[in-house]
Amino acid sequence: MEVGFLGTGRMGKVMAANLLKAGHRVRAWDKSPEPLHELKRAGADIATTAADAFRGDAVISMLPNDQALREVFIEGDLLKHGHASTVSVNMGTVSLDCVDALVAAHDARNIAYVAATVFGRPDVAAAAKLSIMAAGDSAAIDRVQPLFDAMGQKTYRVGSEPRHANIAKIAGNLMVACAIEATAEAAALLRKYRMSAPDVLDVIITSLFNVPVYQGYGRAIGHRQYMPPGFDLVLGMKDVGLALKAGEQANVPLPFASVLRDAFIDAIANGDADKDWSAIARVAARKAGLED
Amino acid sequence: MEVGFLGTGRMGKVMAANLLKAGHRVRAWDKSPEPLHELKRAGADIATTAADAFRGDAVISMLPNDQALREVFIEGDLLKHGHASTVSVNMGTVSLDCVDALVAAHDARNIAYVAATVFGRPDVAAAAKLSIMAAGDSAAIDRVQPLFDAMGQKTYRVGSEPRHANIAKIAGNLMVACAIEATAEAAALLRKYRMSAPDVLDVIITSLFNVPVYQGYGRAIGHRQYMPPGFDLVLGMKDVGLALKAGEQANVPLPFASVLRDAFIDAIANGDADKDWSAIARVAARKAGLED
Amino acid sequence: MEVGFLGTGRMGKVMAANLLKAGHRVRAWDKSPEPLHELKRAGADIATTAADAFRGDAVISMLPNDQALREVFIEGDLLKHGHASTVSVNMGTVSLDCVDALVAAHDARNIAYVAATVFGRPDVAAAAKLSIMAAGDSAAIDRVQPLFDAMGQKTYRVGSEPRHANIAKIAGNLMVACAIEATAEAAALLRKYRMSAPDVLDVIITSLFNVPVYQGYGRAIGHRQYMPPGFDLVLGMKDVGLALKAGEQANVPLPFASVLRDAFIDAIANGDADKDWSAIARVAARKAGLED
Amino acid sequence: MEVGFLGTGRMGKVMAANLLKAGHRVRAWDKSPEPLHELKRAGADIATTAADAFRGDAVISMLPNDQALREVFIEGDLLKHGHASTVSVNMGTVSLDCVDALVAAHDARNIAYVAATVFGRPDVAAAAKLSIMAAGDSAAIDRVQPLFDAMGQKTYRVGSEPRHANIAKIAGNLMVACAIEATAEAAALLRKYRMSAPDVLDVIITSLFNVPVYQGYGRAIGHRQYMPPGFDLVLGMKDVGLALKAGEQANVPLPFASVLRDAFIDAIANGDADKDWSAIARVAARKAGLED
């Protein structure tokens, strides 16, 4: 297939590379030129503007946040260049308000819009093992399924409205944040009883919670290593904020998310904004009178 | 080895059977005769009193709660029958106050005391795949290591004081309870956006949280099936209470545990005491205005 | 003094009447004509547009919310009609973002802007006993002090930036919301011990908390009377949201506000949006298994 | 009336003095002799043992805690000296478990037991202005009403079971603790916006919350003065614990009490155990990144 690709950051770059490997033609664009050179060597065409990449059978967006999406799609009026035969697939994490704006913009131009969020960090993406949650018009998803097959290990269809893909992502992210706080509280408890947090957490993450999410954060918290950040605390705060906002709009109290919000603010107020989001464990430790 | 075994309930029964399979001699006792018949057929000797089972190289206790332990060990003055050559191994979940009382009682009689808590439900115990966390005197643990090898897949030494094994168990249980509440909040959010909670949770528990703890509770919560209980809500409340008590004694605030406490009380106040502890998801649903 | 008055709802109407009583000339405007007739009989001039009222020594705004303020001041470009000799005094409760927009708009036209929030319901306003918290340029406040003297019993200067008046109001409102939740939890406890909540709360609000805020809400909660609303639940949710937003912008965790947020959402999700905000006591009761 | 008085600490001493002023005969006992000398000068008889004071028309206990009550009443078997004509009145704050033990002990000896908790600090007690909440047998309360009249400004009858007086006290204390935390969060917010917390809190406690509870704590928090303690943080933690325990026994979730529990533990873990309980405001400040 002919695919446009907008946004070739840490995730987008390896996803686009997997499309190339699977034999698709890719026309890539990003604000920043560096990752584009890499993709060019791997066989991609390089577009000089977002509009220049918005063509072909499908266009995949993997832009970093609401603001970037709004700049490119809404303010840049990108869709006026689009064709009805192109499926626009947004794979980034985005607020529900932004989803609604994007859906309206696509509807106005009669261009099919699919939302497809993913679980998996860059290494998982590079291995083409993402879990993809797609939502929107079923026929449109069918058309881009070969692209999902090239980038992920499985595609789940989670709803008929595009925003459903974002809700699913928000729910999963909230669960990850909860796993971090739970580990942080356990670690503070262990330390105050003068036990080895790394050792006991190691038991827990090789038995009950024998899964990469807990293993990564369990080790970081056990050894109190929060730099360099895999996913920084301010982004984590944003994700918890998306969950609280989604909860508020649908009238869903989320008490764990509220505790997380306070923990993230506490961490930021105390100077840890640039650390990994697992550094909220420093908040749990400080509350227990531990030094860090 | 010659092993006494006190408490042959759902867990103890299969653990004792694994000792027999590994070639150890087992002398078992329980208040209730039924499981003893089974063990007899498997080759165990049956003791008529706890005192009659308190002999040999080691005695393993797998009694259900503080009260049962106190009755047998303290009020029944069990240890007056003990020999200095016997290692007493308590594998049940117990409060720190009860641990302290047991340690004092063993010290007074000069009998070695090892605490060894486990992660794993009866099916895991039956497969001899328990994760065992042992704490106490290192030489005493060495002596009973062959027994742990027969019952578990791995033994971790988590501290030099017996109570350390209980703290580790309390920490792990708290993390499990947190996983349940996190799943419950995610499910309420999904449902209020008219998405299929079973389907989306299925994505999450086969990708991010691909581990039996999340799979079991994720399915229960997705399908709203809380009967029969695997571990009932009142026991769950007790476990959260142990964590809060341990936190209070060592001055460790545990905000997630506090939220859990309120959720368990809410569930009990609203008639779900006899359901599985994952039924705290009904609390999250009710708060969101969902019917159950 | 010559005073323009924008917004003559339940509060504005009686405040404007007090200005007239004190001998000031008032030129009033509101979207809705009814309260204007009343003020006319009391001696006010009636303006047909907001612009027509924006003149004289000072203009007081008592508009209901951000949206109304933005419509009149920003979208209506009201200030282009203003003179540098007029002090613009905003006495409504408003978000910090809206304050910032209003300050910028006034600065652009070189018109002095004073923020002056108040504590007190319509009956307190009618008695000219409002507590007024003024913030902004000191000389500008001096010029309008005679107006504050006519409307309130005391004016406090709470800061040099206009937003300080709003922060003070947000802080006070948060404390009121906390008083409601505290009373609600006490009432649930009393009821579950089969005690008379009205009687015991009556003891508390005539001894420890012998002050109108607690008396009003204590009686409402004791007798479970939440209609008609004095201040409705959705407005209460908005106020808690302003506190959380202000806390987030300045990195201040507010755990009580987070609990309140969940209680308000729970109340709204369960059908109480149109009741008085003290109806969050129904949430506390429901969590305790009480019928309402 | 002839009155025995057990426990003449800061509160008991002035209460007993008011009984003397009202013309009652008082026979006082305390573990510590100092306050007894004072009372002797004021006209009281001094008992050398608790048993020696347990006689007359009524005996009032104002002992400091559960342990002191159990020592004197249960372990000391005080009631074997009692007569059926004596009404035993416990005015101290006590756990529900301890109330139950005292009720059983009195029932066994057929001695009437009245619980009568109070709101008011020593200065209020000295002015005979306590608010008294009495519970138990109505005829027994009638008999001691003249004593209540001498010590308090009003007696409220809050229930037919003695424990009701304790629940009412627990509920009131919880509301006071909530007022402190609410003030603490408001203060942290004000400070982070670089406003004067003392000044703005002063507005709030002279308008909305114009009542001694808020005035005392509002000033302490505004000026960050937590020494000497009026009521120390560890006692505050105990009171919150009584509320949580009472809530747990009757299945009442108390989310504000849970937040308070974590704040008190945080304060104690960080070295403020000996300060006034309003020092939980230091926790709120620290979470916001403020120095104290």
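Structural remarks
The chains carry the letters A, B, C and D, assigned in the order they are written, with residues numbered from 1 in each.
As a working rule, a contact is a pair of C-beta atoms (placed from the backbone, for glycine too) under 8 Å apart; a residue touches a chain by one contact, two chains touch by 3 or more.
Worth saying up front: this structure is predicted, and the values here are computed from it rather than measured.
Taking the CA centroid of chain D as reference, the farthest chain centroid is that of A. In terms of C-beta pairs in contact, the better-connected of the chain pairs A-B and B-D is A-B. Separating the CA-averaged centres of chain A and chain B is a span of 37 Å.
Distance between chain centres (mean CA atoms), chain B to chain D: 40 Å.
Each of the following residues of chain C touches two or more other chains: 247, 251-255, 259, 262-263, 265-266, 269, 287-289.
Taken in their complex, chain D has these residues touching chain B: 247-248, 251-255, 258-259, 261-263, 265-266, 268-269.
In the complex of the two chains, the chain C residues touching chain B come out as 255, 262, 265-266, 269-271, 283, 286-289.
Considering their complex, residues 119-120, 131, 133, 154, 156, 158-159, 163-164, 167-168, 170-172, 174-176, 178-179, 181-183, 185-186, 188-190, 192-193, 195-196, 199-200, 202-204, 206-211, 213-214, 243, 246-247, 250-257, 259, 262-263, 284, 287-289 of chain D touch chain C.
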